[in-house]
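Both complexes shown next keep chain A, but they swap its partner, so chain B is in the first and chain C is in the second.
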Partner chain A sequence: MIGPMMDAWYPVALESRLGTNGRSTRLMDTPLHVARLNGGAIEIRTEDGRALPVRLRYGHVWTSLGAPTTDLFDIPEADQPGRRLVEVGVVRVRCSPLRAVENFLDIAHFPFVHTDILGAEPHTEVEKYEVEIREKEDEVWATQVKFYQPQAAKSASTGITTDYMYRVPAPTCSVLYKTCPARPGEWDVITLFVQPLAEDLCDVWPWMALFDDESPMTDLIHFQQMIFLQDRSILENQIPRLLPLDPGMEIPTRADLTSVAYRRWLKRHNYTYGAQLVAQ
Partner chain B sequence: MLSADLPPMTVVPALMPQGPFALWRSESGILSLQADRCPHRGMRLSHGFVRGEALSCIYHGWRYAQNGRCLKIPAHPRLEPPEAIRVETYAVTESGGLIWGCLETPAGAPPNFDGFAPLRMMSVKVSPQMIATSDEVDRRADGALAIELAGQHCLFLARAQPDGSTLLFCLIEEAAAPEARIAVSRALELFRCRLEADDLQKEAL
Partner chain C sequence: MKLYDYILSPSCYKIRLMASLLGVPLTLRPVDFHPGEEHLTPEFLALNPAGTLPILADGGLLLTETSAMLVHLATSAGPDWLARHDPQAAASEQQWLSFAHRLTASLGGARLCDMFQRPGDLASLQRQGIMALRELEVRLFEQRLRQQAFLASDRPTIADIACFPHVVLAPDGGISLDPYPSIRLWQRSIRGLPGFIEMPGIYRRHELSEEPDPDAANETAEQV
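Up next, the complex of A and B:
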């Protein structure tokens, strides 16, 4: 049952990497082909020939299986002059697309999963932060998130307390804003765009819009790939693979308020593709 | 699991017939057998780490005691974790160089194999029945499986896995010299190859 997630937007390719052979892929169990036509236009069709809507934004090709009621969410910072736009590529993960997003919203794992990079013992405490579901935008937001990081970004050389904001504008997409070491006062933008292949399998496309004129592009890509591969070692070993939406199966604490709000928002909208509803 | 394969301060997934469980040995040498799932976010505890007398989850560092109780949640260092946060804990003991777990109340002590010591544990992609009924294996009066490998008397313990395969333990006479142990280990690998090849052949027919 795909349900209302049918009408959401999903990434299905990197625009810059889409050659004339196109890309055959899947979206929520539906096989589809992303084609680069003569002349450069991009067309997406399901196996039975149905044409799907196409959007080109944030380096990626986006589509929807249904009839989206809103256009693709806006990331205003993407158009801000001076930012490096980093296409990190794709990582396939054997987990629910919703688990991939939830992990992205979590900071308490930094000292244990991204040891000595995004966190380090004994700096494990998660201080109180603010979480809300913004009704007008219909997005989950977490603000005033702070965490001590030994090396917050490629451009950081010493430990700092980093400020974060998290945003969930679509069921399988999240945008993170974090302190920018190179330009105080601005936020670096790091996103996780998740393409659900099946309820327990996804292609993850991280993408970034950073202020960093120093680091070679390869280093920026490698840094983010390293971080996400560390996350993958967690995501492929959580039981169950689907995200449990009913209470009782897992135990959240105050540090998990973003995850709690995300699960509540998913449930409210019946965004349950990749979710487990009844404890088994 | 062989005792020798689990040094202090390590955790492994113990492959029980019911699935994997987290088996760990504390710094002081005490064994624990627990559910392989952290109740916080479902992460496998067998991927975690042992410090002192506690097991920590690799995801968020939640720390569990030998009795299963959660001792610490690092995201909230000053919080005393509620008593209700715990992982299921099962009986585990060591005897004759082997680690024995039991998911129910144990009916008695684990069996004894006098004069034998464990040599190796290995996975075999055939059922325990197929091993027990192999022409090379004799069932002893006490139920143990006897086999002659590289001219040495050996015993097998075969435990079923959830996928129908077998976790096989090979025991060798305590007095066997190192060269004999190496020879048996190699012969054991060949035995496994023969069984798995026979099984494939049967499937093909």
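Up next, the complex of A and C:
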């Protein structure tokens, strides 16, 4: 059952790669077609002809199956002059869309999954940080996250301690902010936009807004693809495939606090498409 | 030598791996294969009308087939990697070098289709991939009975490098490697070679972190 996730916004295509053939895809088991009309405009229809809302933002085409009560979430940094906007491209993953987001929020996996890039042994300790559900924005935030990284970005040549902030503004989207090696005082923005195809299948569209005047665009894309493919093999092997939403099943460690908050927030809103609800 | 390269491509990795095993330095030119499809731009089609990666340029030589690149690398820097010592091994090497193209088409095709949404008939590609894996399993099993750990000989040749990447990455295309014990032993031998390098999804052998494996005792006898 789709429930209230019906009314959220989801990415369904990369605007720059949407040709005249359009893209036939799915959103939460509903087949739909993203069309590029003759004048260049974009139209989205379900198989039975119902027109869906369209937003063009952050390089992607967004839509919703229901009646969104808010507009697509804002990432103010996207409009900041001087940033390189990186369209990483779609990667299909056989996992729950909620699990894809949860993995993105988990820093503790860096040394084990992204060895010698985003983390390295013996630097596996996660220091204390802050997690909250911001009521006004209705978003999950983790701040003051610090982690030692051998190669934090394409533009980093030595290991540094990196500051992170994580944000969940929509059930299947996450935005992370991290220390920007090229521009101290600013944050690099790395997002994970997840298109749920089925409860255990998703198309993932990573996107970034970086300060980096040196690296060729292709290198920026490849760095992020390489990292995400390391996550993909983990995600496809998680058991159970759906995200358990029973708090009784978790043994929270410090690194998991963001995940705990994310699950709590999902549960509060009844965002359960891709979740496994355990009888209490 | 200049390699037009995509970091997530098993075919490009074949050449990076071979060069590393031989100690040959490569100049890499990253190509935006996904999502940009740079390999299909006029500039690239002029280099390689087939619109595939990798492309290897060495002086006046421009190669677009990985088997030719492997031959070129081994001939110039590591003749031990060519099975020239006896006619049977030499013929087997050619056999499995050509067979590797079937793996690229089937397992590689399934992976592109499944992972990057490239057009294709996933179920049919998976079926062809499984048929090819079964053939490879039989060959490697028979080789072991002859005390030979590799496809053409008792030591690795370019044919092993040609087949290795797409096999290891088969699970990316939704194809399990669990049913193939001989393939497992073979790829572990390759992952332990001196000069071995990694790509996402293909890792160096770490003895201690390997899962316990009932065949492990056999394998120690086969290390190169």
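By our rule, the second predicted complex is superposed on the first by the 275 of 280 C-alpha atoms of A that agree within 3 Å, B and C clash if a C-alpha of one lies under 4 Å from a C-alpha of the other, contacts with A are read in each partner's own complex, and residues count from 1 in each chain.
Note that a contact is a pair of C-beta atoms (placed from the backbone, for glycine too) under 8 Å apart; a residue touches a chain by one contact, two chains touch by 3 or more.
The shown structure was predicted, so the numbers you read here are calculated from the model rather than taken from an experiment.
**Student:** Classify the contacts of A:Thr30 with the two partner chains as first (chain B alone), second (chain C alone), both, or neither.
**Tutor:** neither
**Student:** Looking at the overlay, what does A:Thr143 touch: chain B (first), chain C (second), both, or neither?
**Tutor:** So A:Thr143 meets neither chain B nor chain C here.
**Student:** So, does A:Ala108 touch the first partner chain B, the second partner chain C, both, or neither?
**Tutor:** First partner only, chain B.
**Student:** Which holds for A:Pro240: it touches chain B only (first), chain C only (second), both, or neither?
**Tutor:** Once the two structures are laid over each other on A, A:Pro240 reaches chain B alone.
**Student:** Figure out whether A:Val88 sits in contact with chain B (first) or chain C (second), or with both, or with neither.
**Tutor:** After superposition on chain A, A:Val88 lies in contact with chain C alone.
**Student:** Tell me the contact category for A:Thr46 with respect to chain B and chain C: first, second, both or neither.
**Tutor:** Neither chain B nor chain C is touched by A:Thr46.
**Student:** Between chain B (first) and chain C (second), which, if any, makes contact with A:Met217: first, second, both or neither?
**Tutor:** second
**Student:** Please write out, lowest number first, the residues of chain A touched by both chain B and chain C across the two complexes.
**Tutor:** 233
**Student:** Under the touch definition given earlier, write down the residues of chain C that touch chain A in their complex.
**Tutor:** Going by the criterion above, the answer is residues 6-8, 30-32, 34-36, 38, 114-117, 171-172, 174, 200-201.
**Student:** What residues of chain A sit close enough to touch chain B in their complex?
**Tutor:** Per the touch definition, chain A meets chain B at residues 106, 108-109, 111-113, 121-122, 124-126, 233-234, 237-240, 244, 249-255.
**Student:** Sort out for me which residues of chain A touch chain C in the complex.
**Tutor:** 14, 17, 87-92, 94, 203, 216-219, 221-222, 225-226, 229-230, 232-233, 236
**Student:** Under the touch definition given earlier, write down the residues of chain B that touch chain A in their complex.
**Tutor:** Against chain A, the touching part of chain B is residues 36-37, 39-44, 47, 56-61, 73-77, 79, 85.
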